[in-house]
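Structures for review follow.
Okay, so chain A shows up in both of these, paired with chain B first and chain C after.
What follows is the complex of A and B.
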């Protein structure tokens, strides 16, 4: 039966040749490491979010009067609803962590260098889209934390003169965070952002396959200058399948182990007490604190004495982050041979971690 | 590259200049409560009581209130004393409904504005009747205090407090009657907190427990030992029903944890297999 299906496909799409060219004879660098698998882990994380998200949609009601109760229903009465919601909540945090790690490793390995500037830019946009997912999804349970965190976030654009108030109103759909805001964020979360992320993902994969996988820059001579397009081959490398696929599979499994360890041992890690109280526009919680991945920007906002300056500084940093390959345009990829860049990288990382810890306490 | 830096510098300069005319102190938006009824930290009452112009004893009041259960639940000066906390001139006028220190007979009405059921039971009790007829019976503040009011607990019934007016014997019997039920309420409350921390919804149980606790404490204010003993069985029944649901909740919590561990172990096994196969293929 399998042979017949295989034969059928062979005639129509040239299956054997496809497997040979894309898997068994496709070579990856010999010294490729586990960090190169983070892209596929991020993709699997997105698939998990999509699948669990669709399952949650069966019972979730995107209405300010019913949203909280529908989430309670999912958690307590829908068979295995708790599992899918926790997978979705824990998965969203893990997805951000994986994408962060992916970007950090790409930076450290110099994989954003010519000719991969576009791949970096698309990847950075995917990180921002992931954050957009987190932000829009945060409001949907309509809890105290979601309501007030969204109030703070949607208030941020008002720091900008001329158009700030308009942007805030467009985001909220009303003067205050309300059912209209919930509808808008819901539409963003389940329709617009998934479409955007899929499009960016397709472009990202296209660029990776079209240009070829980069080799770690350590212990090798720098590449010659790229004067014209060519696919980067690794004729002395190892086959994509099974060598690299087994690495990818291992990391994907590790992702699930971490996810279920959190669900089993610390299910409320990402759901503090204020997420279990329905939104109350008349009672502000004691401490409004964003999720861990927004703690550094949050702390930075608190440290910079002027709100506009704080937010503008962050926009500049984001712009620099997206356009980094054009700022660091030297062709040397090995960061260990560039002490100033290495120092900048390490200092930025330490500041980021420091601000995150500071913001948490 | 040069063009890019120019763009960034330009953006930075525009940012800085715009920032200059944007409200400098707007940073407060991160900590400002947006609620229509924020916790009162500043009012005409607090301002005046914090000043040196007022008697030393009265200066202590805001500090005591900040330690109280009322403060934690956003009950402010005007909620009990009336008056206008926003206008110093009118804050203590009779027109604004201000009552500074209520007379003993006025106290039940003063506190009963919110604690309605308790007020009714108290007024029917020996305590309440004594107060209303002689003006000298124990009122709310004698047992609960006035400004530093803490969450009510059974420990209020003590030889020190009850002994101010009478022997402790009857109060001791009352405390013994209340003790088991109070303990049960407290244990169930703790169990519900554990379930909540495990993400099991306890909304319905919370409501029933709160109602049961409120009714039980209201009943106590009749200071009728016999009545409390009679009704204890009924309360026990209600608490047992909640406890059954709590036990079910713990069963569910255990199942969830075991199920997640089971899936995690499957993935660990899968990971080991992939690792070994990967080594073999090398």
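What follows is the complex of A and C.
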């Protein structure tokens, strides 16, 4: 039966040649490491979010009067509803962590260097889209935390004169966060952002495959200058399948182990008490804090006394992050040979972690 | 020519899209609000909606009745009134305002919005 299906596909799409050129004879660098698998782990994380998200849609009601109750129904009454919701909640945090790690490793390995600047930019936009998923999804349970976190975030554009108020109103669909905001964020979360992320993902994979996988810069001569387009081959490398696929499978399994360990051992890790109280537009809870990945910018907003400066500084940092390959235009990919860049990278990382810890306490 | 037609078509849709995305007017305006003086004895506060946003009225011994919007001018969280310290404190980014609504510390860029309060007989008129 399988042979017959193979034969059928062989005639129509040239299956054997496709498997040869894309898997068994597609070579990856010999010294490729586990960090190179984080892209596929992020993709698997997105698939998990999509599948669990669709399941949650069967019971979730996107209306300010019913949203909180429908989430409680999923958690307490729908058989295994708690499992799929926790997979979605824990999965969203893990997805952000994986995408962060992916970007950090790409930075450290210098894989954003010429000719891969566009691949970095698209990856950075994917990280921002992932954050957009987190922000829009955060409001949907209509809890105290989601309501007030959204109030703070949608107020951010008002720091800018002229267009700030209009952007805030467009985001909210009303003067204050309300049912109209919930409708808009729901549409963003389940329709616009998935389409955007899939499009960016397709472009990202196209660029990776078109240019070729970069080799780790350590222990090899510096890259030659790229004067014209060519695919980077690794004729002395290892086959994508089974060598690299087995590494990817290992990391995907590790991803699921971490996810289910959190669900089993610390189910409330990403659900603080304020997520279990329905939204109250008349009371801001004490000690409101965003998710861990927004703690550093949250703390920055506290520390910089001027609101406009605080938000503008963050926008500048995001712009620098997206356009980094054009700012660091040196040919050297090995960060260990660039002590100033290495120091900047480490100091930025330490400041980020420090602000995150500070924001948490 | 194709580019001009394309840009014109895109431009023709831009304004309807912009208007579509802007919120529909709720019709709730900050009208005058009248409440009985007896509802707010001295040294007490009352939370109430002033127009479309949450507000607070405070009855003080020295300054009479004071009314403010509770919306923090930093990022929109609702301030809480600390009776002992006679300060408004924002729980989100630790903005602090005094009894006049002026910024004492923290990142808020402006004072709290203050509403005019008039005492007319046994009533207080806000706004």
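To be clear about the criterion, the second predicted complex is superposed on the first by the 361 of 361 C-alpha atoms of A that agree within 3 Å, B and C clash if a C-alpha of one lies under 4 Å from a C-alpha of the other, contacts with A are read in each partner's own complex, and residues count from 1 in each chain.
Criterion: a residue touches a chain if its C-beta (ideal position, glycine included) is under 8 Å from a C-beta of that chain, and two chains touch if they have at least 3 such contacts.
Bear in mind that the values here come from a model prediction, so they are computed numbers and not experimental data.
Trainee: Here chain A is shared; do chain B and chain C fit on it together or clash?
Mentor: clash
Trainee: With the two complexes superposed on chain A, say which partner A:256 touches: chain B (first), chain C (second), both, or neither.
Mentor: first
Trainee: Of the two partner chains, chain B (first) and chain C (second), which one does A:75 touch, if any: first, second, both, or neither?
Mentor: In the superposition, A:75 touches chain B alone.
Trainee: Figure out whether A:166 sits in contact with chain B (first) or chain C (second), or with both, or with neither.
Mentor: In the superposition, A:166 contacts chain C only.
Trainee: More residues of chain A in touch with chain C or with chain B?
Mentor: Chain A has more residues touched by B than by the other partner.
Trainee: Where does A:175 make contact in the superposed view: on chain B (first), on chain C (second), on both, or on neither?
Mentor: A:175 sits against chain C, while chain B stays out of touch.
Trainee: Go through the superposed model and pick first if A:312 touches only chain B, second if only chain C, both, or neither.
Mentor: After superposition on chain A, A:312 lies in contact with chain B alone.
Trainee: Touch test for A:198: chain B only (first), chain C only (second), both, or neither?
Mentor: Neither partner.
Trainee: In the overlaid three-chain picture, which partner chain does A:284 touch, first (chain B) or second (chain C), both, or neither?
Mentor: A:284 contacts both chain B and chain C.
Trainee: Between the stretches 6-14, 24-32 or 78-86, which region of chain C is in steric conflict with chain B after the superposition?
Mentor: 78-86
Trainee: Report, in rising order, the residues of chain A that make contact with chain B in one complex and with chain C in the other.
Mentor: The overlap between the chain B and chain C interfaces on chain A comprises residues 148, 151-152, 155, 159, 176, 281-284, 301-302, 304-308, 310.
Trainee: Name, in rising order, each residue of chain A that touches chain C in their complex.
Mentor: 148, 151-152, 154-156, 158-159, 166, 169-170, 172-176, 180, 281-288, 301-302, 304-308, 310
Trainee: Considering the complex alone, what residue numbers of chain B touch chain A?
Mentor: Result: residues 1, 4-5, 8, 11-12, 15-16, 18-19, 21-24, 26-27, 29-30, 33-38, 74, 196-201, 203, 256-257, 259-261, 263-264, 267-268, 270-271, 274-275, 277-278, 281-282 of chain B touch chain A.
Trainee: Any idea which chain A residues touch chain B in the complex?
Mentor: Chain A reaches chain B through residues 72, 75-76, 82-83, 86, 148, 151-152, 155, 159-161, 176, 242-243, 246-247, 249-250, 253-254, 256-257, 260-261, 263-265, 267-268, 271, 273, 276, 281-284, 298, 301-302, 304-310, 312-313, 316, 319-320, 323, 326-327, 329.
Trainee: Spell out the part of chain C that touches chain A in their complex, as residue ranges.
Mentor: Listed in rising order, the residues of chain C that touch chain A are 21-23, 26, 47, 52-54, 74-80, 90-94, 106-109.
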